[in-house]
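Below you'll find a set of structures to go through.
Same chain, two partners: subunit A is paired with subunit B first, then with subunit C.
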Partner chain A sequence: MDLSFLAIQALNGLSSASSLFITACGLTLVFGVTRIVNFAHGSLYMIGAYTAATLVPRLLELSFGPVTFWAGILASAIVVGLIGVLIEVLLLRRIYGAPELFQLLATFGVVLVVQDVTILIFGPEDILGPRAPGLRAPVEIFGRRFPSYELVLIAAGPVVLGLVWLLLRKTRFGVLVRAATQDREMIAALGVNQALLFTGTLFLGAFLAGLGGALQIPRVSAHAGMDLSIIAEAFVVTVVGGMGSVPGAFLAALVIGQLQAFGILIFPKSTLVVVFLLMAIVLAVRPYGFFGRPEVIGGAHAVGIASRERSPFATLAVIAVIGILAALPLIGDAYVLKVATEILIFALFAFSLQILIGVGGLVSFGHAAFFGLGAYGAALAVKWLAFPMETALPAGLLLAALGAALIGAFVVRLSGIYLAMMTLAAAQIVFAVAFQWVDVTGGDNGIVGVWPSTWASGPTTYYFFTLALTAAVIVLLMRIIDAPLGYALRAARDSTARAEAIGLYIRRHRWLAFTISGAAAGLAGGIYAFSRGSVDPTLLGIPTSVDALTMLLIGGIQTVTGPLVGAGVLHVLRDQIMPLTSLWRLVLGLSIIAIVLVFPRGIVGTIRNWREERT
Partner chain B sequence: MTKASMTRRLALGLALALSSPSAQAQQPSIKLGELNSYARWAAFTVPYRNGWQMALDEINAKGGVLGRKLEIISRDDGATTGDATRVADELVTREGAVLLFGSFQSNVGIAMADYANQKKILYMAAEPLTDAITMAQGNRYTFRIRPNNFMQVGMLVDQAKASGAKRWAIVAPNYEYGQSAAEVFKRLIKERVPGAEIVAEQYPALGKIEAGATVSALEQAKPDGIFNVLFGPDLTQFVREGNTRGLFEDATVLSLLTGEPEWLLPLKDEVPEGWTVTGYPWDEITDPKHKAFIDAYRAKFNETPRLGSLLGYMVVHMIRDTIERAGSVETEALIKVLEDAKFDTVIGPVTMRGVDNQATMGAWVGKLVLKGAHGGMTDWTYKDGTPFMPGEAEVKAARKD
Partner chain C sequence: MTLLSVQHLSKSFGGVTAARDVSFTLERGEMLAIIGPNGAGKSTVFNMVGGQLRPDRGAVLLDGQNITAASPQKRFRLGVGRTFQVAQTFLSMSVAENVQMALIGSRRESEALWSPARTRYRDDAVALLEQVGMAGMADHPCSALAYGDVKRVELAIALAGQPKLLLMDEPTAGMAARERADLMDLTASIAGAKGIGVLFTEHDMDVVFGHAERVIVLVRGRILATGAPEDIRQDPEVRRAYLGDEHALERPKGLSPT
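Right, the complex of A and B next:
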C-alpha cells in the first residue's frame, strides 16, 4: 500500500466527514435547545437532496454557471429550513409539555409521512443531480485523480463550522441558543420568547440538514432510502461528539469519516459494525461523548409509573381480560388468531420495555437487541443443536438474558440520552453481527425452518400457548413493579441522589432490571420466531426498537396497562391500513401524529386523566 | 334424435346462453396474491406494477380465464424477509389468494420460497435473481421467470473472453444477490478464462456505499477487468466517482442489469460507455409482437417501458395461461401444468424447465452507449436462456427435493 493511496483514502474520508458534519450539526443544535431527538432530521436531509436535484437543473437551464448552482443549493436548504419551521409550529410546539419521548414519537410519525409524500411529489425514480459547473474535472493529487467537488466539500465542513461558531458567539440569537442548551428553564424564567427561539433553532437545524442533503447531489442520486441511511450515522456523530456540542460533532465526524474510509480496506464486509463499535467504546470511556456535559441535575424529568392505590377490581379485571382472550378462538378465524398471537407477543415485548422506561426511567432505544437475541437464540438452537421448541425457547431466553446482563453492565453507568444511545449502539452491534456473520446466522437471509413442535403447530393451539406464556410473564412483571425491586427502581428514577442517600445500590438494581427486561423481551422474540417460522436481522434493527417505543408511548408510559393497549392499537392499525392503500406509511404516520396530539399522555394515560378530572 | 328433443335442446341451449352472462357475473373472481417492494425499490417496481396492471386489463377485457375474472391483490413486502412472509400469509389466509407472485430482493425471494414450501402454495418469483431460489433452496412450489445469476453472469463472461482481461476486481452489494453473483463470477471466470485471477473485492452494504473510498480501493489493485453487481443508488454513486477518477478507462467492465432502463436512466448523460451489460434495449426492438407491447405501454402510461414493465406483463400472462391449461386453481394442478410448460410470450417462446422450475427467458447483452441525453444499449443481441442454464446433474445435486 503506497503513501499516495493512503493520502487519497484520507481525503475520501474527509469529504464524507464534511457532509456528515453539516447534517449532524443541525441535529445536535436542535437537540441542545429543544431536547428533541429528531428522528425526522434524516427526512429533512432527504428533502434537501430531492429539492436540489430537481431545482438546480431548472435553474441551470436558465443560466448556466457556478453562481446559479450554488444559489440553487442555498435555496433548497432554505426551503427545507421553512419545512422545519412548519413542523415546529404545527406539531412540536403543541407537545413541548408532553414527556420528551413523545416528541420523538411525533418526529417518527413525520418520517413515515415524508417517505410517502416524497415519492408522491418527486416520483419513484432516483434523481441524479447535475455536477457543479466549473468543478467537473478532477484534480491530480500524488498522481491520482481526485474529484474537485470533493475538495470543495472538504472545505465546506470547516466553513459551516466557522459560520455556526460566529452565529453562536457573535449574535444575540447565538447567545440564547447557548443559554438554552445549558439551562432551558432558566432562560424561560428570564422572559426570553421561547417560541421564537425554538422556531429559529428548528429553522437552523432543518436548514443545515437541507444543506447537507443538497450538497450531496453531485455525488449521490436523491433516492427514497436516504433518510434512514443518514440518520443512524448522524446520531452517532452527535452522541460521540457530545449532545449539543458543535465542535464535538465536527471532531466525531472527522473520526468516523476516516474510520469508514480505511475500514473498508481492512474489513470489506463489516462496514456496518465499525461506526457503532466506535460509539460504544467512546461512551464506555467518556460517558458524555467528546465535549458533552452531564445533564443538569433535575434538568431531565423522567416520568413513569407512579404508585397509586390499587383498584379493588384489578385482580378481577385481569382475570376477565384473560378469560375474554381465551374465548377468542370461538369467534375468530385462523387469520384473526394469527394477528392476536402477534399482538400478545408485542404486548409482552412492549411491557418488558416498560420495566426499563416507565419503572426505571432508563430509556432504551435498542430494545430490539433483546427481542432479536431471543429469536436468534431459539433459531440457532433449532438450526445448530436440533433443539425442539420446548428447549429452544428457554435457550433463546437465556441468550437474551445474558446479552442484557452484558449490555446492561456497560449501560447502567450512563444516564439520559447517552444511556439511550448506548443501548442503540449495542443493538446495532448485535444487528451487524447477525447481518454480516453469514456462516452462522445466515446473514440477511436469516434462518428459516423455525417451526413449532407438532402439538403446538395449529393456529389455535399456538395462540393458547402464546396467551399462557405472555399472560404468566406479564403478571409476574406486574408483581415485580410492586415488589421492593420495583420501588427501588422508581426511587432511583425520581431522584438518584436521594435513592443513593438512603442506601440503595442503584447500579445493581438497574442492572437487574435490564436483565429481567431483556429476558422477557427475549421470550417474546422466541415465541415470535416460532410463529413466523424464520428469523432475520430486521428483528434486531432500529425499526423494531422504534416499534416497541411507539407501542409504549401510544399506550402511555405512566400506566401499567398502557403498553398492552398500545401494542394492540399499533398492530391493528398497521394490519388494517396496509391492505387499504399503497400510501400506508402516510396514513400510519398521520395516525401516530394524531394520537400524539390527541393523547399527549398516551391513550390509557389520557383517558385516566380525563376521568380523574371529571371526578 | 327426434325433432322434439332437438327443439328442447335448442331451447335449453338458448336459455343457457341467455343466462350465462348473469351466471358469469356471479362467478367469483380468481384472486392472485402479489407482493413487492413498492416503496424501497420504486424505480423498478412501479413500472412492474404498470406492466401487470396492463396484462390484467387485457385479460379481463377478454373475459378473464375459465369464465372468471382475474383479480390481483397487491401488497408492499417491505423489502424484508419477515414482512414479506407476513404479508404473504395475510394474502393467503385472509384474502384467499390462490397463488403468490412478485418480490424483488433475493433474500426476500428465498424467504418466500421457504414460505411457499411450508404452506404448499405456488410462488412465482418474478424478479429475485439469486441462484439459490432454483438451486439449493429450490422446491416444487417455487418457479422463477427471469434468468438467474448463473445464466446472466455466464452470458457476460462469454463476452469477457475476447477482451483478454485477466486481473479482475469485483464490486457487489453485500447481501444474497451480490454474494451469489460474485460467487458465480469467481467460478465461471476461472473455468472459462484461463489464467484469470481476482485481485480485489469490495462488498459495500446495500444502499450504503462509500463510493469514493470504494473506487480508490479498487483502483489500488490495478485491475484490467471489473465485474459490477451494484444497482440503484449505489450504482449511480459508484459510476460518478469512477468516471471522475478514471477507474473504467483502461478496464473491461462487465455489469449485471446496468442496461435496464430503471438503473440506466438515473445515470443520465454519465453513462459509462463501453460497459458490457445485461439490460433491455426497448428503443431498438423491432419484433412486431414485442413492439406492439411497447407501443401499447407507452400509449397507456405515457412513459417508456422498463424491464420491470415487461416482466410484470409477462408474468401475469403466463399465470393466465397456466390457470387455463390446468382448468383449475388448485396448487397441485397448477404445478403439474407448469412442468416443462411452453409459453408464447411477447418476447418469444419461453419454457419452464421441469428439473429446477427455472424459465428459459433470456437477456439482452450489449454495450452501453450514450444516446442523446440518456444512456442506451448498442451492439446487443438477445440471448435465449436455454444454453446458459446450469446442467441438470448440477441442479439435481444442489436441490434437496
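Right, the complex of A and C next:
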C-alpha cells in the first residue's frame, strides 16, 4: 500500500463525496424549508439517471460533442426538477401540517409508485449510459491511471456548493429559503407567497437530485434499486451535517466519501456499517449533527393513543376473537392456515411497533431490524448451535432484545425526525451485517433449513403454536400499554416538561419500551423464520419496516387494535392483488398516499369516529 | 430552617448576562413574587430554581440541601412542584389520570408493567382534584377543558408530589381577570394550610400586589429591590425601572387586595 495508492483512494473518496453532496444538498434544502424528509428524493435521483441514460445517447446521435453531453445532463436534471414540482403540488402541499410519520410514509408511497412506473417507462433492464465526450481517456496521477471523468465530478461538488451559496445569498428566493429554514411561521406571518416558495424549493431540490443521478451515467448503469441505496446515504449525509444545513451536508459528504474510500481497506466488506456507525456516533455526541439546530425539528407532531372509556365488552371481545381464530382449522385448508399464520405473525410485529409509535410517539423507521434479528437469531442458533426450535426461538428473542436495548440506548436521546432517521440507520447497519457477513449469515442467500420441531411441523399445529404465542404476547403488550409504563410513555409524548416535573425519567422509560418492543418483534421474526424454513436479508430491509408502518396506518395509529386489523387487511390484499398484477408496488404506494390524504385515522379509527358521532 | 435559599446565581447566554448575583430566600408558607420588565431575567432565575437551566455560578439550597445540579426529576422527589407559563398537562389522558400519573411518578411506580394505571391512586387523585375544585371533571378528557380549568388541574398535579416548594411561572397568564384572582386565592389557601412556600413570576400587578407577601424586582438580571408590596410600590428606583408604565404599579381601582 504505497502513497500513490492512498492518493488515488482519496481522490475516489472525493468524487463519491461530490456526487453524494449534490444529491443530499437537495434533500437538506427541501427539509429546511418544508420540514418534510422526502423519502422520494432517492427516486428523483434514479429518475435523473434513467432519463439521462436514455436522453443523452439520442442527443449525441444528433450532434456528438461535449456541449451536447452536458446539455443532456442539464436537461435531465430540469425534467426531474419539474417532476419534483408535480410531487409538491399533488402531494406534499397537502401534508405540510401532518405528523412526521404520515409525511415519511406518504413520500415512501411515492418511492413505491416511482419504482413501478420507472420499470413501465424504461423497462426492467439496466441502462448503460454513454461516456462523456472528451473525457474518455484516463489521466495519470502518481503513475496510476485515474478516470478523467471522476476529476470533473470532484470539481462538480464545490461548483454546486458555490452556485447554491450564491443562490441563497444573492437572490430574493435564496433569502426566503434561508428565512423559511430558520422560522417558517415568521415567513408565513410576513405574507410571503409560501406556495410559490415551497414549489420553487422542491424544483431546486429535485433538480439537484436529478443532477446527482444524471452525473452518474458514465460511471454506473441506471438500475432499479438506486433509489433506496442513495436515499439511505443521503439521509446519513443530511443528518450528520445537520438537517437543513448546506455546508453541513458538504462537510458530511466529504467525511463519508473518505470513510468509504478508506473503510474498504480496513473492513473490506463493511463500508455500509462504517458509514452508519459514523452517523450513530455523530448523533450520540451532537444530536443535531454538525450544523443542525434543535429548532429545526418539526415539533410536537406526535399523535397516538388517548384514554377512552373502557367498553364493558372489551375482555369478552378479546376472548371471542381468540375463540374464532382457534376454530379456523375447522373450516380452513392448509393454504388458509398458512396465510393466517403469517397474518398472526405480522399482527404481532405491527403491534410491537405500536408501543413505540402509538403509545410513545417514537417514530421508529427501522423496526425490521428487530424482526430480522429475531429471525436471524433463531436461524443462526439452528445452523451453528444445532438448537431445536424450543430454544432457538428464545435465542432469537434474546438477540432482538439485546439489539433493541443497544439501539435504544442511542436513539432515546433523540426525538422526532432525528429518531426516525437514526432507527433507519440502525436497521441499515443490521441489514449490512446480514448482507455482507457471508460466512456466518449466508449473505444474500440467507440461511435455509430452519424447520420447526417435529411436534409442531404440521400446518395446523404450527398455526395453533403461533396463535398461542402471538395471542399471549399481544395480551401482555396490551397490559403494558395500560400499565404505568404505557402511561408514562404517553406522558412523555404529551409533554416532556410536565413528565420530567413529575419525576419521570423519560429516556429510561423509552429505552425500556424499545427493549420490550424489540423483544416482541424478535419473537415474531423467529416464528416467521420457522414458518418459512429460511431467513434472508429482505427481512431486515426498509420495505419490511415500511410494511409494519403501513399496517399501523391502515388500522389506525390512534387505536390499540388498529395494527392487528391493519396486518390482516394488508396481508389479505397483498395475497389477492399480487397474483393479478405485476404492479403491486404501484397499487400499494397509491394506497398509502390515499390513506394519508383521505383516511388518516385508519380503519379502526374511522369506525370508532363514526360510531362516536352517531351516539 | 429556610425553605429555599438562592445564593449568588449568575447565568449568561453568549454575551448576554441574564442573571447576575441573584440571592434571596423563601420561607415555608410564604408567597414570594418575582417581577420585572420583559427580559429582566425572571424566567432564567425561575428555571435555575426549577432545574431546567444550570447556573454558571451560585447555588440553590432546598431545606439546606444543595440542589444546584439536581435534575428536574430529582427536585420533584425532594419536594419541588411546578406549573408552567403555558400549562403543561397530558392531553391524551383524563383529568384524574393526569393526577394519578403524578402520584405514580412520586411513588416511583412508572415502570410497572402489569396492573392498569387508571386503577392506581384513583381516590387520592380525586381528593387532590377536590382541593382545586375539579373533582366533578375527573373523568373528562383533559383536552376538553377550558384553559382556566387546565391551570387548576396543573396545580393538582404539582400538589401530587406533596411539595414543600411550589414554583409557578406566570400562573395566571392567558386567564380571564376573575379566574386569576380565584386561582391565586386557591393557591394561597392551600399553601397556607400545608405550609408550602410559593415562588411565582407574574406580569399582572393586581395578582402580585394582591397575593404576594414579598416581592423581588429584577431588572437586567439584577435584584433592584426586595420588600413588602407596599414598599415596592413606593420605591422610586422601581418606579423608574417601569418608566413609562407607572400605572402598572398603581393600586388597582375597584379591586381591593386581600
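As a convention for this text, the second predicted complex is superposed on the first by the 596 of 615 C-alpha atoms of A that agree within 3 Å, B and C clash if a C-alpha of one lies under 4 Å from a C-alpha of the other, contacts with A are read in each partner's own complex, and residues count from 1 in each chain.
In the analysis below, a residue touches a chain if its C-beta (ideal position, glycine included) is under 8 Å from a C-beta of that chain, and two chains touch if they have at least 3 such contacts.
Since we're looking at a predicted model, the values are computed, not measured.
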item: Simultaneous placement of subunit C and subunit B on subunit A, clash or fit; value: fit
item: Partner chain(s) touched by A:T538 [first = subunit B, second = subunit C, both, neither]; value: first
item: Which superposed partner A:D482 touches (first subunit B, second subunit C, both, neither); value: second
item: Superposed model, angle subtended at subunit A by subunit C and subunit B (C-alpha, nearest 10 degrees); value: 170
item: Partner chain in contact with A:G26 - subunit B first, subunit C second, else both or neither; value: neither
item: First (subunit B), second (subunit C), both or neither touched by A:G81; value: neither
item: Touching partner for A:S15 - first (subunit B), second (subunit C), both, neither; value: first
item: Touching partner for A:H509 - first (subunit B), second (subunit C), both, neither; value: second
item: First (subunit B), second (subunit C), both or neither touched by A:G304; value: second
item: Closest approach of subunit C to subunit B (Cα atoms, Å); value: 35
item: Doubly contacted residues of subunit A, that is, touched by subunit B and again by subunit C; value: none
item: Complex contact set, residues of subunit A against subunit B; value: 1, 5, 8-9, 12-13, 15-16, 115-116, 119, 124-128, 131, 138, 144-147, 150, 218-221, 223-226, 229, 260-261, 264-265, 268-269, 271-272, 333-335, 338, 436, 438, 443-446, 448-449, 451, 532-536, 538-539, 575, 578-579, 582, 584-585
item: Subunit A-touching residues of subunit B, taken from the complex the two chains share; value: 38-40, 42-43, 45-46, 73-76, 80-83, 85-87, 89-90, 93-95, 107, 110-111, 114-115, 118, 174-176, 179, 201-205, 207-208, 210-214, 216-217, 219-220, 232-233, 236-237, 240-241, 244-246, 262, 265-268, 270
item: Contact footprint of subunit C on subunit A as seen in their complex; value: 304-307, 309, 479-480, 482-488, 490-491, 493-495, 497-505, 508-509, 512
item: Subunit C residues touching subunit A - in the complex, by the definition given at the top; value: 50, 52, 71-73, 76-77, 81-82, 84, 88-94, 97, 101-102, 104-106, 108-118, 120, 139, 141, 143, 154, 157-158, 160-161
